[in-house]
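Heads up: the structure comes next, in structure tokens.
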Amino acid sequence: MKNTALLKKHLLFIIIAVSMLVAPLFTNAYQLRILISAALAMIFAMSLNLLMGIGGTVSFGHAAFYSIGAYTTAVLWYHFKTPYSTNFIPVILITGLAGLLLSLPMSRITGRYVTIITLSFAEIVNLIIKNWDPVTLGQMGIVGIPSVNLFGHVLKDKREFFYLTMLFVILTYIIMNWLVDSKLGRNLRAISNDAIAAEAMGIKIFPYKVIVFTISAIFAGIAGSLYAHLMSYVEPATFNANLSFECISMVVIGGLGNFAGTMVGALFLKILPEYLRQFEFLFKYRMIAYGLVLVIVMWINHSIPGTKLKNAISTRISALFRKKSAEAEEV
Amino acid sequence: MAKFLQILVNGISLGSIYALTAIGYSLIYSILQLINMSNAAVFLTSAVIFYALYSSITAGQVALTFILTLLAAGALGYVIELVAIRPIREKGDSNTYALISSIGVKTILEQICQGTFGSEIKSFPTLLAGKYIDIMGARTSAIQIIIIVVTLSILFVMNWYTQHNRVGRGLRALSQNLNACHLMGMPVNTLIGVSFAVGSILAAVSGVAYCMYLSSISISVGAAIGNKAFAATVLGGIGVLKGAVVGGYILAVIESFVAGYWSMSAMNFVSFSVIIIVLIIKPTGIFGKKEQYKV
Amino acid sequence: MSLLSVKNLTIRFGGLVAVDNLSFEMEPGKITSLIGPNGAGKTTVINMLTGFYTPTGGKIILHEKDEKGNEVEVDITGNSTDQVVKKGLSRTFQNIRLFSNMTALDNILVGMQHRIEYGSFLSLFPNGKKNKWEKQAREEAMEILKKVGLEDAANERATSLPYGKQRKLEIGRALASHPKVLLLDEPAAGMNPAEKKELSQFIRSLLNEVDGILLIEHDMKLIMDISDKIVVLNHGAKICEGKPEEVQNNEEVIEAYLGKKGVQRNVTGSK
């Protein structure tokens, strides 16, 4: 009984995870690369969903953490030639610290100011990366980053890289679910539902903001660090505001607080542009599709896999029929 | 001294550009508590429309092109509200959703501009090119003076308008209490649409003026100025029109001085840092009223 | 011995004195009611007691017994909201403030949060301590839901519940923190007479759970029925205090509610 409930709750996740895991049997190298970038986007977007859907804070600068993760591993490789497995801990520490730093002003800041603080933070991080030439090589970026090296084993085969990424995707999903069903997750949801009532229940808001920003930043950083090794180069221009907006879109399409939905959103927004690539005109204007999807999802009801869409459609259809039958009766 | 004055003049002209766009953000925020991210894209779109008209249909006629651009921008603002904001607003959904919808609009507009205009820098018509006035050693170009004068007169008119005109009073009432206005039978939807149109027209003036100032146009102007204008709005206190103007001028003057006396690359860094510091010290911005803590 | 003493409590917002030199005592095992016309400062008093507002002057003293059974005074004036909850005050809100997107069970669990003793780090993965606390908390939360008559609605979203049940859930959430003093801000607002009658019995029964109840209410019949003591506020100052029958016949009270002319009539007769 309990197991069926559990299965039902995670059904969407299981479907996506299983089909992703078997996909490399059928894909060519190019398609595999798209799948890897979709998997990275899943980790990145799930980390933002923790902040938005559970923590109730819309971050417009989430790309900052992604770029910090990517640059940490890239810079360490460039200067010290350290492998990925060695860089992993610094990636977690530095992105976590960045998240903590961004959460500090949040103690006194609500709503609208969060937007500008997160935007400005991302802008500043990008400017530092762009101008700190001795460390980040500035505008040029760092090139020639080798593939992931796990304790001496280099993942030369992209399939290996894919499965490592999927391992992180599954881990992220599981940890997010553990978190949501715990005291931490409940209190976070309570704060985002009604901060005043949460305070009345004895929840101190500020420490929770610090925690949620830190955790969210760490997962975004992990995704970023894998990105650096996938692409084999990093440059500041990649990590612009559009990356943050794209991430928000993935979360929004999947539904706030719905992590399996976020995976659908990431998959959708990563595969759609590639699909459009065959139509030159559509590919040129593919970002319009992103924009339209955002507006339309907001119209309908903020979530595609959720029940809300089904409800919205069914009520609209039934309304249509009612209208028709009413007209018929009048005649 | 001449350098100081020169930088100050540059800062004030840039500040005028910021201030105009900032008012658009602030106006919408004061009514809907919504950060309308599409404002920056309207800035860019208007400049592109001006360029497109000027280089084809209305070649050589700056005034006519300008008026047509403003009309187009106003219509665009109204349509954005009608299509992307109103359905969400009327469902009573949280502002976050309207905000995300406005990001969608921003993305669409920017893409259309990029697709039609391309990514190269093109030259933009300017007024009285090459004419300067010497103010104690500071070379002030004619377009700078025009921008400053036009901005100040718009601000003056706006101020008078919101205080004395019926529509202006309506807008002020909306920002006090939207529901009450609705109950009083005011055409709330139309007024909100109008305020989007007004915000867009101001962004259009700002966009065209900025490109005239640079005498060039490229696809990146929207993001650069849009974010800065938004930052200026928050700096001055979002939702307060006076704050948007003052925030715009302060930010631009700071930027000019950093660029002039230190370096261009430090400019953005300093301006965004200033904003974060101000918000940490006074989260409501310079003129923002403290939010009432209602329990 | 009293349970909670409020001594010369005062708060000013700018030039406005919202609560002026208010003193009263709450007795253990009793329902103390705070009444007064709109804007008299009743909710402001609750906001000060629960740490949402910091009083400009005066003291709030909680009386407790230490291990030896000696009475000790705990000063909670100006404590933060989380300190106040830990010391045993819990409240509801005038306009229901439930965690709307969470289930009834989760609402209760949040109310219980300060008694669930595992930290944020242990939240991130399964471990013995977390499992033990979660199991125990869920069992206890179900009991609380039973007490407020919502055991069937445990997994329903808070906002999908009917109005009366939302009120009860909010009271259940406040009970979940194991308060000594329960502060109810207009629990009967928006209810019909039958619901109000049931609610007043329910509030009485809550005295088995908590040491004392502070009640704000506008419904005079309900107040007169269940209060042991009534404190009447007008313009932030106490004008009268006593048993229901004493308050009913107090001229100043009638005047505050009905104006000077109303003094001739009877308060309860005018409902």
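As written, the chains take the letters A, B and C, and residue 1 is the first residue of each chain.
We adopt the following convention: a contact is a pair of C-beta atoms (placed from the backbone, for glycine too) under 8 Å apart; a residue touches a chain by one contact, two chains touch by 3 or more.
Source: prediction; values computed, not measured.
> Closest chain to the protein's overall Cα mean, using per-chain Cα means, please.
The chain sitting closest to the overall C-alpha centre is A.
> With chain centres set to the mean of the C-alpha atoms, which chain is at the far end from subunit B?
In terms of C-alpha centroids, the chain at the greatest distance from subunit B is C.
> Between subunit A and subunit B, what distance separates the C-alpha centroids? Give it in angstrom.
Chain centroid spacing, subunit A to subunit B, equals 31 Å.
> On a C-alpha centroid basis, what's the spacing between subunit A and subunit C, in Å?
A distance of 42 Å separates the two centres.
> If you average the CA atoms of subunit B and of subunit C, how many Å lie between those two points?
That pair's centroid distance is 48 Å.
> Can you list the subunit B residues in contact with two or more other chains?
Within subunit B, residues 295 contact more than one other chain.
> Touching two or more other chains, which residues of subunit A qualify?
196
> Where in subunit C do residues touch two or more other chains at once?
52, 93 - these are the residues of subunit C that touch more than one other chain.
> For a test of understanding, state which residues of subunit A touch subunit B in their complex under the given definition.
The touching residues are 58, 104-105, 108-113, 115-117, 119-121, 123-124, 127-128, 130-131, 196, 241-242, 245, 248-249, 252, 284-288, 290-295, 298-299, 302.
> Provide the residue numbers of subunit A that touch subunit C in the complex, in ascending order.
Residue positions touching the partner: 175, 178-179, 182-187, 189-190, 193-194, 196-204, 207-208, 211, 215.
> Show which residues of subunit C lie in contact with subunit A when the two form their complex.
Spelled out, the residues of subunit C in touch with subunit A are 50, 52, 80-82, 84-86, 90-91, 93, 97-102, 106, 109-111, 113-114, 116, 118, 120, 122-126, 130, 133-134, 173, 177.
> Residue numbers of subunit B touching subunit A in their complex, please.
Of all residues in subunit B, those touching subunit A are 29, 33, 35, 83-84, 87-88, 93, 96-101, 103-108, 110-112, 114-115, 223, 227, 230-231, 234, 238, 265, 268-269, 272-273, 275-276, 279-280, 283, 291, 295.
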